[in-house]
Amino acid sequence: MTDANLLLAVSGMLFALGLVGVVVRRNLLVMLMFLELMLNGVLLSLAVFTQLLGAEAGAVLMFLVFVVAAAEIAIAVPIVLLLVRAGHTLDPGSYAGLKG
Amino acid sequence: MEGMLTFLVLLPLAGFLLNGLLGRRLGTGFVNGVGVGLPFLAFGIALWAWRTLEAGDGAPIVETVFTWAVIGEYSFEIAFYLDRLSAVMALIVTGVGALIHLYSVGYMKGDEGYARYFAYLNLFLFFMLLLVLGRSLLVLFVGWEGVGLASYLLIGFWFQDVAKARAGRKAFITNRVGDAGFLLGMFLVFTFAGTLEMDRINEVFAAGVVPVGVATAAGILLFIGATGKSAQIPLHVWLPDAMAGPTPVSALIHAATMVTAGVYLVARLSGVYLEAPAASALIAVIGVLTAFLAATIALVQTDIKKVLAYSTISQLGFMFLALGVGAYGVAVFHLFTHAFFKAALFLGAGSVIHALNGEQDIRLMGGLARRIPWTFGTFAIATAAIAGLPPLAGFFSKDEILWFALASGEGGSLSLWALGSLTALLTALYMFRLLWLVFLGRSRMEPDTERHVHESPVTMTGVLVVLAAFSVIGGWFGLSHYLEPLLPLPALRLDSALLHWAQIGFAVVLALLGLIGAAWLYRDGGKPADQLWQRFRRLHRVLDGKYFVDELYDRLLQRPWRWVSDRVFLRLGDRLLIDGSLHGLAALARWSAVAFTRVQSGSLHWYAWMTLFGLVAVLIWVWRYV
Amino acid sequence: MSDATALNLLLFLPVIGGALLLLLPERRPELVRGLSMLVLGAQLVLAAGLYFQFEAGVSGLQFETRIPWIAAWGVHYHIGLDGLNLLLVLLTAFLGPLVVAGAFTSITKDVKLFHGMVLFLQFTMLGTFLAQDLFLFYVFWEAMLIPMFLIIGIWGGERRIYATLKFFLYTAFGSILMLAAVVYLAFTVLSQDGTPSFAIADLYLLELAVPVQVLLLTGFALSFAIKVPMVPLHTWLPDAHVEAPTAGSVILAGVLLKMGTYGFLKLGFPLFPEAAQLATPLIMTLAVVSILYGAGLALVQDDIKKIIAYSSVSHLGYVMLGLVSYNLLGVQGAIIQMVSHGLVAGGLFLMVGMIYERCHSRDLGAYGGLAKLLPVYSVFFMLLTLAAIGLPATSGFTGEFLVLLGAFQGAWPLYEQGLVYPLALASAAVLGIVLGALYMLRLARRLLFGGARAPEPEGGALRDLSPREMGILAALIAAILYIGVLPNEFLQKTEQAVIEYQQRVVPERVGEGIR
Amino acid sequence: MTPEGLLLAALPEHLLLLGILAILVTDLVSSRPRDAFLPALLTLLAAGIAAVWLHGTGHSGTPFPGHFSVDTDAFAAKALLFGLAVPVLFLARDERHESRFAMLLLASLYGAGLLLSADSLLMVFFGLELLSLPLYALVVLGFRRPESAEAALKYLVLGGVGTAVLLMGLSLTLGATGGLTAADFRTALGGEDLLSRGAVVLVVTAFMLKAAIVPFHAWAPDAYEGASVPATAYMATVVKGAVLLALVRLFGEAGAGTDLLAVVVALALLSIVWGNLAAMRQEGFRRLIAYSSIAHAGYLFLALLGPAEARFETVAFYVIVYGLTNLLALACLPRGEDWLRDRLNNLKGLYHRDPRAAILIAVAMLSLAGIPPFPGFVAKFLVFRTVMESGLVAVAVAGLVASYLGIYLYLRVIRYMFMTPAEAHPRTGPTAGFGTAAALITLAAVLLVGVFPGVVLGWL
C-alpha cells in the first residue's frame, strides 16, 4: 500500500505547489498554468483512488475535470488579453486599481 | 350651614382669579373691591363659623369636599375641620389679613403691578385657610406649599430687581428643605396610622400603640418642616431676606400668619409630641436658642424691617419654647397676641418708610414722633406690648410661656427659664432702641427727605389704630384657658402661687429694665451705644454678620453641590467616563474598519496568499489530532 | 362600531393619514398641516372615547384583537387596552395634535415628509403601547427609532447628525440585547407543549430557572434603562433634545421616554419576577442616583433645552423608584408621574421652542426679565415650572407624592427586618424635591426675572404668544391641573392592572397595600 | 422514469436550455445585433412558473438516479432564484447590452438549476462550475472600463483555486468513502479519520470561497465594483443564494461535526464583523453592497448550523428577503454614467432630486440592517432563532451583537440621502423606464414578504 500513499503525497505536493505558484509568480499566464498544475494534482489523486478502491465514479469525474479545466482556460485567456491590451504588462501587481 | 367652611376657603381663591385675570383691565376700583372686600367677607364668615361652633357644644364641624384618591384600602379625602384651635387661627388669618389688605390700598397706591399684588395676597389667604382648616396632613401640606409659593411670588414681587427675585428663590428653597423633612414625617405617621387625618393620628398615637422611637422620629421630622416654615434655627436664614417684599407682605406673611404655620402644626399634632418627650425637649431647646440668638442679632440691625424680622424669629422661638414644654395652648395664645402687635409694628414701619419715601435705614431717621404722631402712637403701644409691659397683650402671653418654661412637668427647667427671661430683656432692649432711634431724639434725616415727610393716609393709620387696640386688649382673652379642653396645659412640677407671682414680677422688672436701658443707651442718636460697641468690636462684627450662617451654608452646601454637579457629574461622569468610553469604542470600530479595508490591497497575489493562509489554517485546525 | 375595531382604527389612523398625505401636493404645506391635525385630532377623540368606555376594575384586556400573523412561531397581531397602557395611549393621543400645532410655524422645509414622519412615529408609539404580543411589541419598539432618527436628523440643529446617530445607535444597542432575549423566549416558547403562543399574557406563566431569568432580565432591562434613561445610560438624551426640532423634543420627552418605564412595567419585572427581586436594590439605587444626578446636572447647564432634558432624567428617576417599590401606592404614583412628566416636559419644550422661534437662541445668559417683555408667556412658563417642581394641585405633586409615599411604605417593613438601605434610598429620594426646586427656580429666575433683555428677534418687536400657542399651552395646563386636583378617576382605571402587576412580581407581598 | 416523467422533472432546466438556444439562433441568423430581452424574460418566467407549478403539485422524482433528483424543496429554491433573476433582466435592459448578457445569465441559471437538484458530488461540481464560468464573462461584459477586466481576472483566478480545492475535496471523499454520492459526503461528515475530515473541510471551504466568507472573500469587493450594476445584482443575490441553498441540500439531514462547526462559527462571525465594519468606510455603493453581502453570507452560514428540518426554510426565506432588498436598492440607483452613478456622494441630497428613489433605497437599507418593520428583521430573527434552537445560544448572542455593528453603515447611506445637501452638479438623472419597473416589482415583493412573512414561510 505504501506506493499508494507515495502517489497521494505526490498529488498533494502538486496541489500545494500549484497554489504557491499562483501566489509567487509575477506573470499572469504562468499563474494560469499553475492553476492547471493544481488540477493535475487532483487528477492524480483521483486516479489513485479510482484504482485503489475500484470506484469508477472517480474516472467519470476525471473526464469532467478535463472539460471544465479547458472551459476555464477558454475564458481566462481572453480576459488576460483584454487586461494586457489596456495595461501593456503581464505583471498582476500593476493591475491593482480596485482596492480599499 | 353646610359648605360654610368650603365657601370660606374658596372666597380668597375667587379673589385671586378675579384680580389675576380681570384686575388689570377693570382698574383699581374693582381690584380694591374684590381684593379688600373678600377678606373682610371671609372674616365675617369665620366669625359666623366660630359662633356656630360655640353654639353646637364645641363638637368639631367636619366638611368632606371630595375624595382626592382611593388606592387599595387607603383613601385620601379633601376635608375641612373646624374646632376651637382652627377657629382661632382662621379668625387671626382673616382678621389680620383683611386689615392688612385695607392697609395695602394706601401703601401700594400707584404701583403698576397693583392688581397682581392683590391677586397674590388673596392667593396667600386661600392657601393659609387651606392649611389652617384642613383635616388631613395632605390638605395641610397643600396649604403649606401653597403659602410657600405665595411668599415666593410676593417676596419677588418687584421682579425687575434681581436681588429681590433671588431672595424669593432663597425663601422657597429653604422652605422646601423643611418640606422634605415634613414629607418624611408624614410618611412615617401614615405608615403607622394608616391615614393622614390629624385627629385620627392623635388618637392612634395617644393609644400608645406606636413605639416611642417612631413617635420621636416622626416628631422631629415634622418639626424640621416647622423650622423651615417658621424660620427656626437652622432654617431661619430666609426670613430676613424676605423683607425684600412689600412691607404689608412682611406684616401679613412673615409676621402674623405664615410663619406661625409651624406652631399650628405642632399644636395640632400635640398627640404625637405628648408621646415623644425627646422631640419636645429638642423643640424647647431649639426654640429658646433661636429666640436668644435672633434677639442678639436684632440688637445691632440698622434696617428697620430687619430688626422686626429678627424680632419675629425671636418671638417664634418663644412659641416653640412653650410647645417644647407641653404648653400648647399658651403657644397659640402668644401666637394670637403676637399677630396683632407684630402686624402693628410692621405696618407702623411701613408707614415710616412710606413717609420717608422708601428710606429704611434707622440711622438716617429720628425725631419723627412729632411729624407722624399717629404712627408714633401706635408704634409705641405695640413696642410696649411686645416688651411685655403690663397690662398689654405681650405681658400676658409671654409671661405664661416663661412660667411654664420654669414650672411645666413635661420638660420645664431653670435653664430654659433663665435664657427665656434674658431674651425677654433683650427683646425690650432692641424694641425700645428702635423706638428711640426712629421716633425720638434729633432728626438725622437728609434734608430733602425731611422736607416732605407726611403722615400716612387714614386707610393706613386707621388699621394701625385697630391693631394697636387689639395689642392692648389681646391679652385679656385668656386664650390658653379657652383652648384648655382641646390642648390641656401640662401638669406643673412647682405648683406654688407665690413662685408664680414672683416670676410675673420679675418679668415686669425685666421689661422696665429694657426700657430704661434703651432710653439711656440711645438717647441722642445712639452715640453711647456706639461707644459701648467700640469696646466689643469683634462681638459687634459677629452679630452684624448674623453669625455668618449664610456664608456657612453657601460654603457647606451651595458651592459643594454646584462643584459636584459640574466637575464630578458633568465633566467627569458624563463627558469623560460615559461619552468618552463611547467615543473610544467608536474610534476602535473606525480603526478596525481602516485595518480591514487596507487588507483589501487590490493585488491578486495578496488575495491568493490570503486564500492559501485561510486554507492552511483550516486544514491544520481539522487535522490537529493526527 | 364594536370597540375592538375602534382600537384598531385608533392604531391605524396615522397610517391612513400618511397614505392620504402622499396625495397632497408638496407646494401646499397648509393642506398637509391641516390633514395631519385632522388625523391626530380624530385620534384624540377616539382615544378619549375608548378611555371613557374602559371599565375600571375589570382584569385582563379590553377591546382586544388577536389575529395570527406568523402562525409557525405562535406570533399574533394582538393588541388590547389594559390598566397599564390606557393612560399612556391617552397621553400619546393628547400630545399628538399639540405637537403638530406647535410645529406650524417652525417647520418649513420638507413639510410633507415631516408630517409623514410624525404620523409614522405616532403609529409606532401607539403600537408599542397597545401590543400584547412580544414579537409585535419588539417590531414597534425598534420601528420607533426610524422616524425619530429622521426628525432629529433632517430638521435638527447644527450637530444634528452626531446627535441623531448617537440616539439611534445608543438605543439600538439596547434593543439588540433585548432581541437576543426575545429570540431565546421565542425558542423556549416553541419547545413548550401545546400551540406555541407569543402573547405576553402567556409568557407571564413561563417558569424559567432563576439564572436564565437574570440573563433575560439583563437583556430587557438594559434596553429599557437606555430608553428611560437611567443614569449611566443617559448621555444620548441631552444631545438628542438639544439638536431635535421643537416637535421632536416634545414627542421625545412626552412619549418616547415613557417607553422605557412602560417596558419595565409591562415586560421587565412581571416576566422575570425572581430576577426582578434580585435586581431591586441595584435599580432602586440607580433610580435615586438618577433623581439626584439629573437634578445636579440640570443646575449647571446654560442651554435651556439641556436643563429640561436633565430634569427629565430626574423626573423619570421617580417613576423607576415607584415601579421598584412594588406596592400599590408607588406603582400608581409611577404611572401618574409618567403621564405628568409627559405633559410638563412636553409643555416646557414647546415653550422653549416658542422662544427659540422668536430669538433663535437657547443660551440662558442671553435672556432676562421676560416677565416684562412677554407677560403671558411668563405666566404659562411659571405654571409649568411649578408643575415641574411638583407643587400641590399640579400633576407633578400627585406623581411624586404617591411615589415617595409608596417607596417609603415599601421600604419600612424591610427596615423593620433590619435592612436600612432601602429606607435610606427612599429618604434620599425625598431630597430630590429640594434639588428639583433649586434648578427649576434658577431657570425661571434667570429667564423671567431681573433686567429685561432678549436677543433681537428678526421680525421686529418681540410679540407675545399667538392664540394658537396659548391654546396649546392652556390645554396642557388644564390637563396638569386636572390630574393634580382630581386624579382619582385615572387611579381607579389603572388599579386593577397594578394589583395584577404586584401579584406577578411579588406574590408574597400581595394585599400589602390592600390590608 | 417514464419519458414524460423525465421531461416533467427537469422541466425548468429544459425551458432554460430552449431559451438559450432560441437566443443563440436568432443572434446568428439576424444581421444586426437583436436585443434578447423579450425571449430571455419569457424563458425565465416560463421556467419560474413551471417550478412553482411543480412545487405546488408536490411533484418529486429522480430522472437520473444517483445524480439528479427533484423534490418540493428543490422546486421552491429554483422558483425563488428564477424569480430573483427577473429584476436583474430588467436592470440589464436599461444598460445597452446586447443579447450576450441574457444568454450568459440563462446559462448561469441553468448551472444553478443543476446544482440545486444535485444528488452526487459530480453534479454539484458540474453545477457549481456552470454557475460560475458565465459569471466571469458577465463581469467583463459590463462596460468599457479596464478595471472590469481586472475584476474578472481576480474572480476567475480565485474561482479557479476554489474549484481546485473543491475537486481535491471530492477526491478525498472518494478516497474516504469509496463513492461520490451526496450520501457518501454525509458519511464523510461524520467520519473521524484523516481523509474524511480533510475532504469535508475542503468542500466546505470551496463553498465558503464561492459565498465570499472571510478569509476567502478577497475577490468579492473588487468583482462587485468592477462588474456592471445588473451583474453585481445577480452576483450578490442569486449566486450567493444558489451556493447556500446547494450547501443546505448537500448537508441534508447531517449536521456539522464539532471541528467543522468551530470553523464555520468562527469564520461566519468574523465575516459579519469584517463585512459590517469595512462597509463603514466605502465610498462606492456596489463596494458597500459587496461588504454587506459578506456579512450576510456570515448570517447564512450561521443559519446552516440550525437543526436539519429548519435549515432549508431559514436559508430560503433569508435569501428571498436579502435578495429582494439588494435588488431594490440597486434598482433605484440614479441613472447616469456607470462609474459615476455608483459614487455615494452623488446619493447626497437624493431625497430632494428623486424622493421616490430615496425612500425606496432607505427602505432597502433599513431592511438590510434588520430593523423592524421591514422583512430583513424577520429574516434575522428567523436565523438567530434557528441557531438558538440547535443549542448554540452563545453563538446567537455573539451574532446579534456583531449584527449591531452593521447598523451604522446603512444609516450612513440614509444620512447621505436625507440629511446632507446635494453635491454641486450631479450628472445623474432619476431612475426611469425599466429601472423603475424593476424597483416596483421588488418593492411589491418586499412589502408582501414584510407584511405576511407567515404566508411565505408556510409556502416554503
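Chains here go by letter, A, B, C and D, matching the order in which they are written, and residues are numbered from 1 within each.
The working rule: contacts are C-beta pairs under 8 Å (C-beta built on N, C-alpha and C of every residue); 3 or more make two chains touch, one makes a residue touch a chain.
Keep in mind that this is a model prediction, so the values were computed, not measured.
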**Report entry** Result of counting contacting C-beta pairs for A-D and B-D, higher pair
**Finding:** A-D
**Report entry** Label of the chain whose CA centroid is most distant from the centroid of subunit B
**Finding:** A
Report summary line: subunit A to subunit C, mean C-alpha position gap in Å, rounds to 65
Query raised in the report: Approximately how many whole Å separate the CA-defined centres of subunit B and subunit D?
Result: 79
Query raised in the report: Taking each chain's centre as the mean position of its Cα atoms, how many Å separate subunit A from subunit D?
Result: 26
Requested in this report: Could you tell me the distance, in whole angstrom, between the mean C-alpha positions of subunit C and subunit D?
Outcome: 43
Report task. Could you tell me which residues belong to subunit D and also touch two or more other chains? Result -> 153-154, 157, 161, 221-222, 281-282, 408
Query - subunit B, residues touching no fewer than two other chains - result: 597, 600, 602, 604, 608, 611, 615
**Report entry** Residue list for subunit A, restricted to those that touch at least two other chains
**Finding:** 19, 22, 31, 92, 95-100
Query raised in the report: So in the complex, which bits of subunit C are touching subunit D?
Result: 68-73, 75, 110, 113, 135, 138-143, 145-146, 149-150, 153-154, 160-161, 164-165, 168-169, 172-173, 176-177, 179-180, 183-184, 186-187, 190
Query raised in the report: Along subunit A, where are the residues that touch subunit B in the complex?
Result: 19-20, 22-24, 31, 92-93, 95-100
Query raised in the report: Which of the residues in subunit D come into contact with subunit B in the complex?
Result: 153-154, 157-158, 161, 165, 194, 197-198, 200-202, 205, 209, 215-216, 218-219, 221-222, 259-260, 262-263, 274, 277-278, 280-282, 405, 408
Query raised in the report: Given the complex with subunit D, which residues does subunit B contribute to the contact?
Result: 589-590, 592-594, 596-597, 600, 602, 604, 606-608, 610-611, 613-615, 617-619, 621-623, 626
**Report entry** For the subunit B and subunit C complex, residues of the former touching the latter
**Finding:** 66-74, 138, 141-142, 145-146, 149, 152, 156, 159-162, 165-166, 168-169, 172-173, 176-177, 179-180, 183-184, 187-188, 190-191, 194, 561-562, 564-566, 569-570, 573-574, 578-579, 582
